[in-house]
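Chain IDs A, B, C, D, E and F follow the sequence of writing; residue 1 opens each chain.
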Amino acid sequence: MSQSRLTELTWREVRRAGERGIALLPVGSQEQHAGHLPMGTDTLLVEEVVDRALALLDREPAPPEVVRLPALPFGHSPHHLFAAAVSLSAATLGAVLDDVLDSLVTSGYRRVMVVNGHGGNDEIMRLAVKRFALRARVTVAACSYWTLTADEDGDEAGRPDVTPGHAGWFETSLMLAAHPELVHTPVPARAPVQPPPLFDHPPHPGLTVERHGEWERVDGATDDASGADADRGGRLLDGRARGLARAIRAFDAASR
Amino acid sequence: MSQSRLTELTWREVRRAGERGIALLPVGSQEQHAGHLPMGTDTLLVEEVVDRALALLDREPAPPEVVRLPALPFGHSPHHLFAAAVSLSAATLGAVLDDVLDSLVTSGYRRVMVVNGHGGNDEIMRLAVKRFALRARVTVAACSYWTLTADEDGDEAGRPDVTPGHAGWFETSLMLAAHPELVHTPVPARAPVQPPPLFDHPPHPGLTVERHGEWERVDGATDDASGADADRGGRLLDGRARGLARAIRAFDAASR
Amino acid sequence: MSQSRLTELTWREVRRAGERGIALLPVGSQEQHAGHLPMGTDTLLVEEVVDRALALLDREPAPPEVVRLPALPFGHSPHHLFAAAVSLSAATLGAVLDDVLDSLVTSGYRRVMVVNGHGGNDEIMRLAVKRFALRARVTVAACSYWTLTADEDGDEAGRPDVTPGHAGWFETSLMLAAHPELVHTPVPARAPVQPPPLFDHPPHPGLTVERHGEWERVDGATDDASGADADRGGRLLDGRARGLARAIRAFDAASR
Amino acid sequence: MSQSRLTELTWREVRRAGERGIALLPVGSQEQHAGHLPMGTDTLLVEEVVDRALALLDREPAPPEVVRLPALPFGHSPHHLFAAAVSLSAATLGAVLDDVLDSLVTSGYRRVMVVNGHGGNDEIMRLAVKRFALRARVTVAACSYWTLTADEDGDEAGRPDVTPGHAGWFETSLMLAAHPELVHTPVPARAPVQPPPLFDHPPHPGLTVERHGEWERVDGATDDASGADADRGGRLLDGRARGLARAIRAFDAASR
Amino acid sequence: MSQSRLTELTWREVRRAGERGIALLPVGSQEQHAGHLPMGTDTLLVEEVVDRALALLDREPAPPEVVRLPALPFGHSPHHLFAAAVSLSAATLGAVLDDVLDSLVTSGYRRVMVVNGHGGNDEIMRLAVKRFALRARVTVAACSYWTLTADEDGDEAGRPDVTPGHAGWFETSLMLAAHPELVHTPVPARAPVQPPPLFDHPPHPGLTVERHGEWERVDGATDDASGADADRGGRLLDGRARGLARAIRAFDAASR
Amino acid sequence: MSQSRLTELTWREVRRAGERGIALLPVGSQEQHAGHLPMGTDTLLVEEVVDRALALLDREPAPPEVVRLPALPFGHSPHHLFAAAVSLSAATLGAVLDDVLDSLVTSGYRRVMVVNGHGGNDEIMRLAVKRFALRARVTVAACSYWTLTADEDGDEAGRPDVTPGHAGWFETSLMLAAHPELVHTPVPARAPVQPPPLFDHPPHPGLTVERHGEWERVDGATDDASGADADRGGRLLDGRARGLARAIRAFDAASR
């Protein structure tokens, strides 16, 4: 099998894999996901998508060699500190990514992929991979798992208006498929908050708007999760896993 | 007139405007724009769009009060240092934005908008406004000028495959409209680089990919600028200006 | 059961537990452990000891309430970068600990315990808990798992001359007990390196001595692991688990 | 013409000029200047002096080649934050200067001059040029525009007791000459504050003294501006411009 | 004499000594030592031990060459800021040590020893020497003076339960021997504080515990100093000095 | 006596003195001073001037209460690292000053004076006192000892063209008066270096110019020290001491 976990390899195996392989780092978070989902939702889901994608690749002929690092279980969630998040500052998360990426290049890796499970990590991850590619002779990819879909997925891509949202229909469906025992059911219905939060509904397309206290005002979620569905969640997860598997293949081909 | 320049106001005027007004900070860059465009292209264009947008607003009844700060003429351009950029590090640019935003809130501003002219500033700007809204009781917006279009713009939105690109058809058209004396013409044609740069053509949708040395390899531009056109550029600029004017109105309404 | 995993709790459960509970953060590493142990040895062992300790407490009446955070899988291992470590700098690890501890106090926790699995983290962890107790109204404990033994453990405390050492008899015995499938056996014998490394054998008691390149010179291990033994390892693990369980009880009693 | 603006050059022109030319960076501020002068006074005046100096040089035979960077419009003005300044911290301003200077040396410049318009930037600028000359093979000059006078200027050097002061006779005279439309006239007379501010009148020569709240106490200005005079201001500006032109020539000769 | 003070040497002497010599940096503190000992106790004692150790070495044949730096008179004492300490943050003290150590290696030193007089500096010092040995080709030692005893010292090693403690029997005895004029006598007796401070009496062996406000609660000292004794103090000092002299010899032999 | 050394006081004495007293911090350096003066020259001289000034004050009626901190023996000397300096970076020295000043205000001091003995510390010291007075309700003074002269000193003020210079006539004269045993005599004559160093002889008045490698080129000194004279040095020291004594009185009067 060409997919391995760095934590289980000896250092010589890690070094050897670095000659041709891709190091893959999942990044998650520990933050509030309303009253029905657990704190680790983002970490659990990114790991689930990675698990499924690597399993898909493993069934193919000549899969790219991937060394999976342990997921970073903490992310950048200052907007959820009002509700018990465990959050790294942007500077700290950026430093963690720098240190991990620098370690990998020191160990001989020339291809790295960061797979993210939490929206708040997005810009920090992208800045980190950009500066990494400037200071080291590497090719590096970054993505957030929910943005990856396979072309044929069609109507399984989810409801675009709630993808991914936060602690709503999309994430709840995925968790019902992946970790049903961690979802408090039945999930209560939730009326839309008026006005909707500016971070989710900017007043003009192309504008990013942030208002102090907005997450508290909308009670920490973006949409109604009561219609979440395990079957649909499973298909959505599989779609993302297929998308990630293809992205890994494409990255492998482009960066060899 | 409700649009003013902070640099020309006395401090009491600045303070007074802060009670109800919106502070607007343009951010540019000084970096290579191929052989035919000047280093300050991004700064010049963001200022042009802001100028036109504020002029549009000024012709309307009861425009929102906007205090325009001097543009920050330097941005984050480490990927262009191979070609004479003057670049701030991500940490430095983030610190400048933090300091400017903190100064504004100290002066009583509760609404700020950052308008960006350079792709490399994007994540840094968005992280800055997010952390600003967490530490201060403000509403803050951020955008890059090329993402703003007015709904009716239709075919004037530009060629999506080259919007904005770098030093190509889009930016050259805009510069021909705004600062023709600074464009070296005729602009030479340029054959597509093969393979196209990974930062511009990621191998899978949803993936950000950065490869060391890619900007040098493609000689600093993304597409052929030889078909650039001043008339088209003027309409594109006007479209962005209309978009920005509407975005300012919408932000004003949403954040009052 | 009074022991829970933060990653599986909803935020309200995390908040509620913070009123009386103890937050426990395991910290590990990803670093070379000679040719026979995996990179994640320190993380796996600290998690094993914590698992066993919490299981022991759970069998007792009225155990203290403990909320276990996900282990930080990366530690400070710059001295192992020559052999494929994934290492955080001291500044980064300190920042991660600060951010996690600050998050916990924001969420209402007043009692925190950090349990460490890697020698290189030790000073950083202790500095972090000291500054935490200065800036927040908390009581905070820190330990490295191998230093905790129960009074009656007697001869099960291990061979003091190799406790814990690195990638030698002690750690290999523990791994044979906890994760035998991850140990490459038979473990080859290793002749003592002469002179022994200064970091392990300082030339005078009370002196810390560091010499450039010493870890490379001794090939990354401190002692011969060929005599490691799963039974002994199991008893050593249980001894540490009993020690940690008692330490948690004692900390609970002293900090209530 | 041998004086050019970096913002208007293509990158190859910037690179070519770097082989023999001097890069010149003006640094200003945005801060209160009493009730009659605008926030941008320091930036406007340093630009005016640079404009006039470069125009003088341009009329001479074989002038040194100078590439002028866009002025940094923000400076270090924490002592004016009580009155609507937009201020960079000392660390931020130092980082901006480091980044700009490092960019220039990367682009081939070996000679740089920083021309300052705001007293609060002075030490930061001098530290920046000192560390720049230590880490790079460059010759670098720094000055504040008001300290430069041509030898023959004699009585046009200004009133030494109010040169430059802040928002008083000197700056007001210069602004009346350079930007009369931005001066609110008539400028009201102002009685001397008793005791005079310690930062301006230290109790013993050679002593720098700073007292908390002193700028607020003296209402943000050092001396009476009501006698300011456009003619005198024009001669003072010309004197500084002649001084700067000579300083540039002298620096060019000494650093070739 | 082979022991010299850097402060009294010319730079060529410093450089020459660096070829074979050991640079020795004492580090102290300025912090409260109860009502009877002076703020500089830690600095004075570490200097006293170093003085005596170097005098001992100087009487021996072929002593190692030691260049003694001036003691850093300030240490990390944030826990004593409630009582007039002059304290460097951990980051600042670490930076001072980095800068001093880097300067020494720039000057040609390959062997450095840091001798510490204050418990609060301990982890910071050890982290500093560890990272120093990673980035420079040096051998570096660190110790706190009270941990060094000569083998034959036997009962002169002090009362282990109060070694060193803070401002108690041990330090007072040493100060009575070294600087009796700075000790306010008679030293008042002090009843044990109940419960004893957690930093000094952790609830379980192997645990480091810090509680907010603990130093204030115990009034800044760990034990009763009223039985302190100058004769005993002198023997204790001599024991440490013998220990340090031997440690220097051993370090010299091991690092040549 | 109203002058005391913080290092010899108990914390309650330090606290009590803070209510009305002035804390005085001398700052020195360890850096090359040519072949005839010791590394600690700047530290020794600033301490000598402070000693003499405080002795003068002590002979007067009702002298201001001064608590003298131990001198910081290391300064910012990166330009002397080519010749065995022990140098703190500007950031480190700034952090030390911040930490010391913050500690003092925590201990109740409202008046602080920093007395500097090394030119390279000057801007850093002035920035530190400026930011201190902004963040704390204090009055703070800073000076370099050589700038302070008493009005009647007249011809004893030294040779202005060599005051203070570096390792030349001025400093050598002072050292011959204060520490003759540390001066290697006879001091060799030194021919002027041509061209003179730009840092000491800027090509235009008002310009600060730094050229890479200049200190090495001029062999570390600014002027000929062979005419240095102990008597003259003693009078110069006394003049500075009188100046400092008056400056302290004046600061005391202005800041009460």
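Please note the rule applied: a residue touches a chain if its C-beta (ideal position, glycine included) is under 8 Å from a C-beta of that chain, and two chains touch if they have at least 3 such contacts.
Please read all numbers here as calculations on a predicted model, not as lab measurements.
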| item | value |
| --- | --- |
| Smallest count of steps, each to a touching chain, taking subunit A to subunit E | 2 |
| Cα superposition angle of subunit A on its copy subunit D, in degrees to the nearest 5 | 120 |
| Farthest-lying chain, centroid of Cα atoms versus that of subunit E | B |
| Between subunit E and subunit D, distance of the C-alpha-averaged centres to the nearest whole Å | 49 |
| Approximate Å spacing (C-alpha centroids) for the pair subunit E, subunit F | 28 |
| Centre-to-centre distance between subunit E and subunit B (centres being mean Cα positions), rounded to whole Å | 57 |
| Residue list for subunit D, restricted to those that touch at least two other chains | none |
| Chain contact graph, described as a line, ring, star, complete graph or other shape | ring |
| Circular arrangement of chains, read from subunit E onward through subunit F | E, F, D, B, A, C |
| Subunit D-facing residues of subunit F, complex | 78-79, 90, 123-124, 126-127, 129-134, 136-144, 147-149, 195, 198, 202-214, 243, 246-247, 250-251, 253-255 |
| Contacting residues of subunit F [partner subunit E, same complex] | 5-12, 14-15, 18, 30-40, 43-44, 69-74, 80-81, 83-89, 91-92, 95-96, 98-100, 103-104, 106-108, 182, 184, 220 |
